[in-house]
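Same chain, two partners: chain A is paired with chain B first, then with chain C.
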Partner chain A sequence: MSYSSLPEDVLEHVFSFVQSDKDRNVISLVCKSWYEIERWCRRRIFVGNCYAVSPRMAIRRFPEVRSVELKGKPHFADFNLVPEGWGGYVYPWIRAMAGGYPWLEELKLKRMVVTDESLELIAKSLKNFKVLVLSSCEGFSTHGLAAIAADCKNLKELDLWESDVEDPSGNWLSKFPDTCTSLVSLNIACLGSEVSFSALERLVVRCPNLRTLRLNRAVPLEKLAHLLRQAPQLVELGTGTYSADLRPDIFSNLAGAFSGCKELKSLSGFWDVVPAYLPAVYSVCSGLTTLNLSYATIQSPDLIKLVSQCPKLQCLWVLDYIEDSGLEALAATCKDLRELRVFPSEPFGDEPNVSLTEQGLVLVSEGCPKLESVLYFCRRMSNDALVTIAKNRPSMIRFRLCIIDPQTPDYLTLEPLDVGFGAIVQHCKDLRRLSLSGLLTDRVFEYIGTYAKKLEMLSVAFAGESDLGLHHVLSGCDSLRKLEIMDCPFGDKALLANAAKLETMRSLWMSSCSVSFEACKLLGQKMPRLNVEVIDESGPPDSRPELPVKKLYIYRTVTGRRIDMPGFVWNVGEDSALRLS
Partner chain B sequence: MDFKETELCLGLPGGGNNKKDEAAALELTPTPKASNKRGFCETAVIDLKLNLQSKESSVDLNENFKNPPSNNKNHDKDPAKPSANKAQVVGWPPVRSYRKNAMAETAAFVKVCMDGAPYLRKVDLKTYKSYQELSDALAKMFSSFTMGNYGSQGMIDFMNESKLMDLLNSSDYVPTYEDKDGDWMLVGDVPWEMFVDSCKRMRIMKGSEAIGLAPRAMEKCKSRT
Partner chain C sequence: HSSMSDDTSEDMVVPQLPYIIKFCKAHGVSKENEFGKGKSNDELKEMLLVANYLNIKEMLDYLTKTLANRIKNKSVEYIRKFFGIQTNFMPEEEEATRKESFD
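== the complex of A and B ==
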């Protein structure tokens, strides 16, 4: 019996074990019948750029999807580089899915503009809706959330990760009906004003499967103990404000409540921390795998005391208050550490305010054999340190280094940091994501193009000397999907010489570089399956053709130019002449 | 795909490390390094401190770019906060606005009650930038309440006794607050930032009831200047 004569339902059953999108895509290319069978049984789609495909096309090809994940704005939107109104609207998708995916269960959005209208449409049209994740989204208010709460009878997860939510006073949380007992995960940490505590408490009490609860800053510490006692089964907790008057009864109440939470693996929140209250969590430290202290303004000694009690820690997000000494303690205690993110407490200060240097990162790279993901803000670095880190941790997958002052050289030799980053890409053969900083010449890009064969995402700022740099990356990095560049002297030649490469990538962002409008037009005309978008808030870019374009966003798409571009975005395609006249 | 007009001739990387030769082959001259400090007008991430000496009580961001406040009388600059007029490069360092906002201030929650209303509200004063914004927000929360006109300077003019008396004799509601010293004051007597730092809680009462506060408030105000 050959594979092609296997009955459809057998094939479908086999395919159901294949979850990864990549593998599913490969399956669909085997033959026409496999394509057909596969598309009818695909249950989950991920669209990394919401403008790469139209909702209609997605629904037409995959009619039985239950879970959709979409991403909107380019990553640099996080740092205010994308003007308000650029796009990333989810409403057209929701309108299409209201009709096309009536049984949709999950919607995960990142960097998209979501309106109350969209949320209301979800609540009204999707009868089996269970999971809503809005990560770094904006454009909606608690009115929209009220609709979700009131009408999504089977809601399991509501996660507003770091979204910008308008918070007019209104008690949306109490719109969850008494019959709603299905919540498993609730993350409202980003909400600015207070929610009704009694509504929150009643919700927590009637949802026995609640595993994740991330509170917002407005929930006072005095009330946390009470909530914890109602939900001792929690696995992930985000505290509200972690400060209160120093009173022994509050402390003992809190410590007692925490000690009752035997399943707790993840802690976050800790806004406005009063260090005296930290020991209240000590009883759960031995089981913690994730600790997010990145908003906790506590100093190194307190951080050391805390971290030294968490031998099972796998993921730590912390401010640079931890200092080298804290990272040394981390390296000594947390042998299971996989991910470390150190954020700057004073990113805009001129002088270092903490004693955090390259040494801390070197120590962690030495002491933590499983370390694979790093985000590190610091003020000085050396090639030696980077080489050491690279040799210590060849299994590194994500390495994002931000030396706060642009173009800072090796502090020991005053050389560029080319050799250091070169060592990273040479030794870490599975590196998927890299962010560069410091003084860098074209040489670093030569190393990247030569060695970083698995690299998927590269972020570059204030680096390089000529188009050669960009050319190395575009011609050498075989797995490159996302490239984002700001303030680099890259111009037309490398871009045009590697035009075909751009179709193999999700997107390219270039701002404050040296790309001419003519080159953009040429690219747009030659590459019909790319959208070449020029962003310029001061006027039509062809009115000043001698100036380089300010911001350029190029992405592959099967649907042509988008129809929701604001006035400051120009798509320079084949009819660009018509568009601009 | 024919790219004759854009064809690059490149030497292999590593062979012949002479940058000049490579540059010549590319027919390029190295472009000057992109300036990493851009003009004041282009930066969008500036921590604006409201200067109540200026004419506007609400902030027009564009205006402030062109006419930065000249006497910045904002006191007690927290060294952790960025200085008001330092030009910052947009997009660098790569810190998310969410994080920047969260770190910039600690919250300042105060209880607000209104005479006659059966409920209390809590507001985070740090989410507002001016008395006008606070007023608008309170108006939404306590729908029968309007704070009246704060005038062009955003502050009650305490030096003008008759204006003050008019306000307090009207049947309008007037917001008052308890400051760090435990004194009850009329909202609007100090610059906004100072108010946020010293306000412990608020009570919105009828103007006629607040009259008793006015002389005390004026004394305190006079003793400050």
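== the complex of A and C ==
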């Protein structure tokens, strides 16, 4: 008796409880009838590289999708390594979905170029559109936002997380009609210029389900209390500028407003913090689970006072002003902490400006049993510290260490940090994401290839000695999906020997390495289902074949070479001729 | 119901009926967790077919959820074996589907 005789609607019911893309993709491969059932009932798709499949392909295979998530540029675009005009345009997808997914409800985009035209097309064509998330996107202005505000009658969420928005006029918020009462989440934190406060207030007042409100810096602190009193049901709040003249009436008004917000779990914003106003939030600290202080230029004592009142904290983003002493307080108070990100206050300074060392991270790893995700900028590290951290927290899932000066050795022994990172991958068996830094030889890659079997994303800079390093990673990391490398002595041999591996990954980025143009051509010819793109702004790479390629981006795709490459991107493909744009 | 046209499934349904009756009597969140435990794949399937036939919504929800949990985070080969399904994909067809990166 076989399960394939289970009625279709029962199978569909079972599938409805299986939501992860990975599992849905597996289900669709079981047999032809499962493929058919699954494709008709898939409601959300995630495309990690917008060039890996075509929108037409997506619509044809999954006709009833309601939610689409797309990512465009490679991650290193965050560090300005991807020149402007590289690509990642969402318009072709939106044009296709306007016809193919008329009932689309959600669109989530990351690192894509979005135009006002795209936003206007969404507003005009998608009658049930509810959720728009634009994370680290660019190319659009408040004109496009005005179209969304005006025409998306059922809009629930508008989230402009860290996007670059042109702001010719400030009045787009007033384009939300008086009949719009459906907003649940509004994040405008990245907007540079003022929004109309009265329009904002009216919007907040008429949306009783508003749970998330992230204001931009231009919203003055004096007006925050007023807004909070209109929305005491808020769960997530991003303040605007957190500075004002020191006046007791402003303070008591603000403190009173915060104390009325009984549901607040997440706080962010805090630009230009005046420490005297921090106690205004104390009344909500006991319930806080997320605190983003990455813009808050406050010193350790004030940070300690704040953090010590947040025993339920699960996620903290903070500047290195917190110092080791602050992290010690964090470790003592926040036993539920899962994620810690410590950003550098002065990354380009020569000397440390704060007393934040490896000790802070060690203390947190000791005191916080649920810690699983770390991003830590610091100036010194030791193998001992890394080994301790690894042994303390074997359940670590994401570990990104950024020692600010490249190739910094263990400060105690002056040795490479191979052993320390080796301990991380050996003890943390579920590690999915790793960023390396410091002085590292090929040995660290041998550890990674041997132990990091669940690793999906690896970021490397200024590390390794030879191709063997790259070979260890490509041949050993069974779960690898994204690999990004800069300034490492990795070249042709490892790349060509592991060509097949690249088809099992989403993408590989290599810049300032030692890969020859010839090897790129060979790879492109050998692997028709890879796009091998060379980025070179100074001219055609085959005009100087003796020099290594500057930037290389390789990704798997079923759609062949893309048609929107700018002049400085060359697809070194099957026909072995350079495509001139 | 198309599945009920199969004779053997009717015979197999009977052993699981007591469990289903017990579930209906004791229906409550805390008891639910125990019914899936230790039930083999075949037993689970029988219960699923009965619940579907008798249209017992809560039991159906619960059983489909249990089944869903058993197939999460598994490989294609595991699921085929678990369900006793032979693939009818041609190797090229399966390969082509695998290459489509909806991930």
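Assorted remarks:
The working rule: the second predicted complex is superposed on the first by the 574 of 581 C-alpha atoms of A that agree within 3 Å, B and C clash if a C-alpha of one lies under 4 Å from a C-alpha of the other, contacts with A are read in each partner's own complex, and residues count from 1 in each chain.
Going forward, contacts are C-beta pairs under 8 Å (C-beta built on N, C-alpha and C of every residue); 3 or more make two chains touch, one makes a residue touch a chain.
Bear in mind that the values here come from a model prediction, so they are computed numbers and not experimental data.
By the touch criterion stated above, A:Glu69 is placed in contact with neither chain B nor chain C. Once chain A of one complex is fitted onto chain A of the other, the partner contacts of A:Cys190 are limited to chain B, with no touch recorded for chain C.
With both structures placed on the common chain, the touch criterion links A:Glu222 to neither chain B nor chain C.
Once the two complexes are laid over each other on the shared chain, residue contacts for A:Arg556 go to chain C alone; chain B is not touched.
Ranking chain B and chain C by residues of chain A touched puts B first. In the superposition on chain A, contact is made by A:Ile45 with chain C only, not with chain B. Of the two partner chains placed by superposition, A:Asp384 touches none, neither chain B nor chain C. By the touch criterion defined above, A:Lys22 reaches chain C but does not reach chain B.
Counting contacts by the rule stated earlier, no residue of chain A appears in both its interface with chain B and its interface with chain C.
Chain contact summary for the complex, chain B toward chain A: residues 1, 3, 6-8, 10, 13-14, 19, 22-23, 26, 28, 30-34, 36, 38, 44-45, 80, 82, 86, 88-100, 102-103, 106-107, 109, 121-124, 127, 140-141. Put simply, chain A touches chain C in their complex at residues 1-7, 10, 13-18, 20-32, 34-35, 45-49, 52-53, 57-58, 61-62, 503, 506, 529, 556-558. By the touch rule above, chain C contacts chain A in their complex via residues 1-3, 6, 8-9, 12, 41-42, 45, 48-49, 52, 60-61, 64-65, 67-69, 71-76, 79-80, 82-89, 94, 96-103. Here chain A touches chain B in the complex through residues 76, 78-81, 136, 162, 164, 168-169, 190, 192-194, 217-218, 241, 271-272, 294-295, 297, 343-349, 353, 377, 402, 404, 406-407, 435, 442, 446, 449-450, 459, 461-462, 465-468, 471-472, 486-489, 491-494, 496-497, 499-500, 511-514, 522, 526, going by the rule given at the top.
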